[in-house]
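Take this structure first; my questions come after.
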Amino acid sequence: MAPRTKKLINQPATILSDMLEGFAAAYPDIVRLTDTGLIVRAQPKATGKVGLVIGNGSGHEPAMIGLVGQGLFDVNIPGEIFAAPGPGRILEGIKAADRGAGVLVCVSHHAGDLMNAEMALELCGMEGIEAVEMVVLYDDISSAPKGREAERRGTAGLFFTWKMLGAFAETDATLAQCKAMAEKIRDNTRTLSVAITPGTNPVSGAVMFQLPDDEIEVGMGVHGEIGQGRQKLVSADQTIDIMLPPVLEDLPFRAGDEVLVFLNNSGSMTQMELFILYRRVAQRLQEAGIQVYKTYIGPYATTQEMAGFALSLCRVDDELKTLWDAPAIGANVRIVQP
Amino acid sequence: MAPRTKKLINQPATILSDMLEGFAAAYPDIVRLTDTGLIVRAQPKATGKVGLVIGNGSGHEPAMIGLVGQGLFDVNIPGEIFAAPGPGRILEGIKAADRGAGVLVCVSHHAGDLMNAEMALELCGMEGIEAVEMVVLYDDISSAPKGREAERRGTAGLFFTWKMLGAFAETDATLAQCKAMAEKIRDNTRTLSVAITPGTNPVSGAVMFQLPDDEIEVGMGVHGEIGQGRQKLVSADQTIDIMLPPVLEDLPFRAGDEVLVFLNNSGSMTQMELFILYRRVAQRLQEAGIQVYKTYIGPYATTQEMAGFALSLCRVDDELKTLWDAPAIGANVRIVQP
Amino acid sequence: MTITTQDLRGMITAISATISVNISMLNTLDSQLGDGDHGTTISAGFAAAAEQIAAADSPFDVLRLTGMTLMNRMGGSSGALFGTLFVQAAMSVKEAETVSLKQFAALWQAGGDGVMKRGKAAPGDKTMVDALSPAVTALHQAAEKGETVEQALQAAAAAAEQGAKNTAEMTARYGRAQYVGERAIGHVDAGAQSVALMFSAMYNYWKGK
Amino acid sequence: MTITTQDLRGMITAISATISVNISMLNTLDSQLGDGDHGTTISAGFAAAAEQIAAADSPFDVLRLTGMTLMNRMGGSSGALFGTLFVQAAMSVKEAETVSLKQFAALWQAGGDGVMKRGKAAPGDKTMVDALSPAVTALHQAAEKGETVEQALQAAAAAAEQGAKNTAEMTARYGRAQYVGERAIGHVDAGAQSVALMFSAMYNYWKGK
């Protein structure tokens, strides 16, 4: 059949399997594709360490296939495009990640991800698998007001949790400690996104939302969910001046705090633009007396070729700084210190 | 002034300085921005090693600012958008890269880059700086026929040279050996690109070329230079079936060869598509009896938000394999083995 | 008159056939409020379920296998919810060899309760619940009145269809449709329409047998 | 009548002024065949050069500083080529305190040769050379005939303008225009038009002084 969008795919029905086969073929040192469509580490971590698992809709690459590897996830269960995998597949993922010290099922807060993970845990209960915990993560300040944090969506800022939790789960941390660490990172993270131009759904070929040539959408979700509202397209500096204050106020981040900063490329932002944007972030944080410990700029959770970015901050203490600096070697996300 | 394209910049005139300031602020561990607008390593390499320098037009990020660092370049001289820097600035870059063992000026073959580098070397001659050599690199099989390789343009495949030459220049290799190594890698590399949708020039706001909804351009250059000709948009597998044979025939790559494979994201290709494309590359190479040593998939030389990719192969021997596997830690390009 | 295992298999097969000819209609509905994939997704789910149940030999087996297949094949929220619908329905006929109309009403009641518990949506929230809930009520009423299975299914199908239609007047609090706010008004919810198609397919199966 | 250092400074300033009011015309020409930045680029180059030469106190200094500034400020091929034009022109008047018309013709000849050596393009290749080369010929002829500087510049400006116009009929072998192939026909080369503007500005300077 003719491709329905100007994308280089074979056919909508095989996007997931074609992608996973190509991905696994490209990175045999790092990942392996199982018969049941799981992405697992090429070298499983040592026994006696907590396994980290996540299931998610595909179409957001590198999330999450690119985040399986040393210092990151043990197993990813990729679902169809923008649809979380079902509970049976999550259960398989849990089993594959078990190294004898229990498994933490990580959930980026979206209805489908949560429901399927809940059902997978019910299946664990029925099968007598006990050392399994679930942690639900969220960071998007535009998706629910302060005071109702647990209703918020999981977006780009979860990258902080995956990176640092991944490092923590390489230590002798227990399952309960891992869960507490994930919550600690989550509770110190806040994110706000902006979209400039839409992406297209690779299955249906539909443009995911409409945006006039001179407008931006603040608070856009990772599937093109409408956010807080439209604003006029302004300069890079003015865009940061719109986005940073609500992020800072929400936690709040205060003078004297040390933070990690992440600019997530939603798809087709140029690095040029991201560096121009980061310049203003650095200026404003310095003015506010907030110190940047490390910066990460790049794609993590993309929305196909949507142009836009997320600004995410995580407040860190010495423990988190050490975890951030530990090596992480996923196929598409490699964090190593010089 | 109002932005002239839907990009998050401040104004066309300050794109370069805004970008460089933000970039340097984001990666203080890896790079430093000098008063004269050079990007240099935060930690200069030890004295007695050959310095590697490159100047180039900006707008292709991560190329080349993102490739300054350990195991990569010592100095990058970023020019204005799509315009090589002048000879005076290249001369400054040469001086900044000198660690007492000479400097190799690398040129990605484009008229402006070559002329300005030639003039910089003339300036070196006038100033009595002697230990400077120039090497001109090219890889794009669509830009001149076989037999006239030296007329070809430098495109995405130069990534192989930068990576492995960078590793080589961390050893005690001499200037002459470094130049010979660059030529060796160049002479084993072949590349072909395809564009799907155009990017916009961030200075003029102009769309860089026009392409009907159902066509692709094979042989597109990194500034939107028209290639071999238009073809109908076909599936991912068929696209590889069009692109791979001429690449293989040109060197030629033969059964029994070992190769590095690189898929360069020209800007807004999704990783999903690149993995789907890579699947077919791996299949076809296996059929041809050509063994893949390592694969790299990601952006190196982008053309703003152009959608498209380059397929590049480099034939390697044991020496090159060791150089590929050495750690490279640039701001936006980190190659480390698990 | 009771509903046999074979009838339940026939109904799932009929649902699969009906949904498969309505894929683009359901996708179009979903594209107004969501991401436009509901028809593709649910059709793939029921097609797989119809295959899986070929050898199922009890009402419990047919319903549970259908539910598990929908869950794992569809994924996402709708896989979880349509899957839960059938899995919970199965749980209420665990030991039964055949299903009376009263039991039939009760099993959809159990399934619907499972959906509401899993997804939190209540009637009026512009979801599949708005078609399911009136259909269950219609089945209960028919059972109490002593109507035939065919009459009951006809009433349930009509009630589900009306329930789906009514979603056009609502704004959504759950699912992707919650993000379109007031713009949702005027559009029928895709999941509710699927439920209506399910009951209509079951009625047609029964009428035609 | 000779050309003084002050005249050369005045001519560079005049070129800068003329180019600056033609930025969008030059950008438009370049956008037909290249990337649409030629006007912006060359205008920035000459504006910087006009500043740099304020204190230059010999013909060599004025021309060399102009060339170096164009090179470093413009970058790209056009910076290299317009820079080379002036740097090579400077080399041919190294010791001179003033410049005769004959020397003036010779310095542009040297500059033009430098451009052709650097860029490889010959007349007919649809580049700045196609305006430069007839202008140089016109200067030589005027010098041989013993015409005034003003007459010489008028003839050179007219020849350059005609040379630029003629590029419309050509296809390109150098510069970005080489990639548009036959589609180049009908469009004037931007760099050639800049050269025509340069000579026209120099003529107007001389006429107005």
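Read from first to last, the chains carry the letters A, B, C and D; within each, the first residue is number 1.
Keep this in mind: contacts are C-beta pairs under 8 Å (C-beta built on N, C-alpha and C of every residue); 3 or more make two chains touch, one makes a residue touch a chain.
Owing to the predicted nature of the structure, the values given are computational and were not obtained by experimental measurement.
Under the contact definition, chain C and chain D share no contacting chain.
Averaging Cα atoms per chain gives one point for each, and the point farthest from that of chain A is the centre of D. Between chain B and chain C, the centres computed from C-alpha atoms are 55 Å apart.
Work out the mean CA point of chain B and of chain D, and you get 33 Å between them.
Among all residues of chain C, none touch two or more other chains.
Chain contact topology: the protein chains form an open path, each linked only to its neighbours in the line. By the definition of touch given earlier, these chain pairs are in contact: A-B, A-C, B-D. Contact residues on chain B toward chain A in their complex (touch as defined above): 3, 6-11, 15, 18-23, 25-27, 29-30, 42-43, 58-59, 61-62, 66, 69-70, 196-197, 202, 213, 233, 235-237, 239, 267-280, 282, 295, 297-299, 302, 304-305, 307, 309, 327, 329, 332, 334-338.
Residues of chain C that touch chain A in their complex: 27, 31, 35-37, 40-41, 68, 71-81, 83-84, 118-119, 174-176, 179-181.
Residues of chain A touching chain C in their complex: 57, 79-89, 111-112, 115-116, 118-119, 201, 203-204, 206, 208, 221, 223-226.
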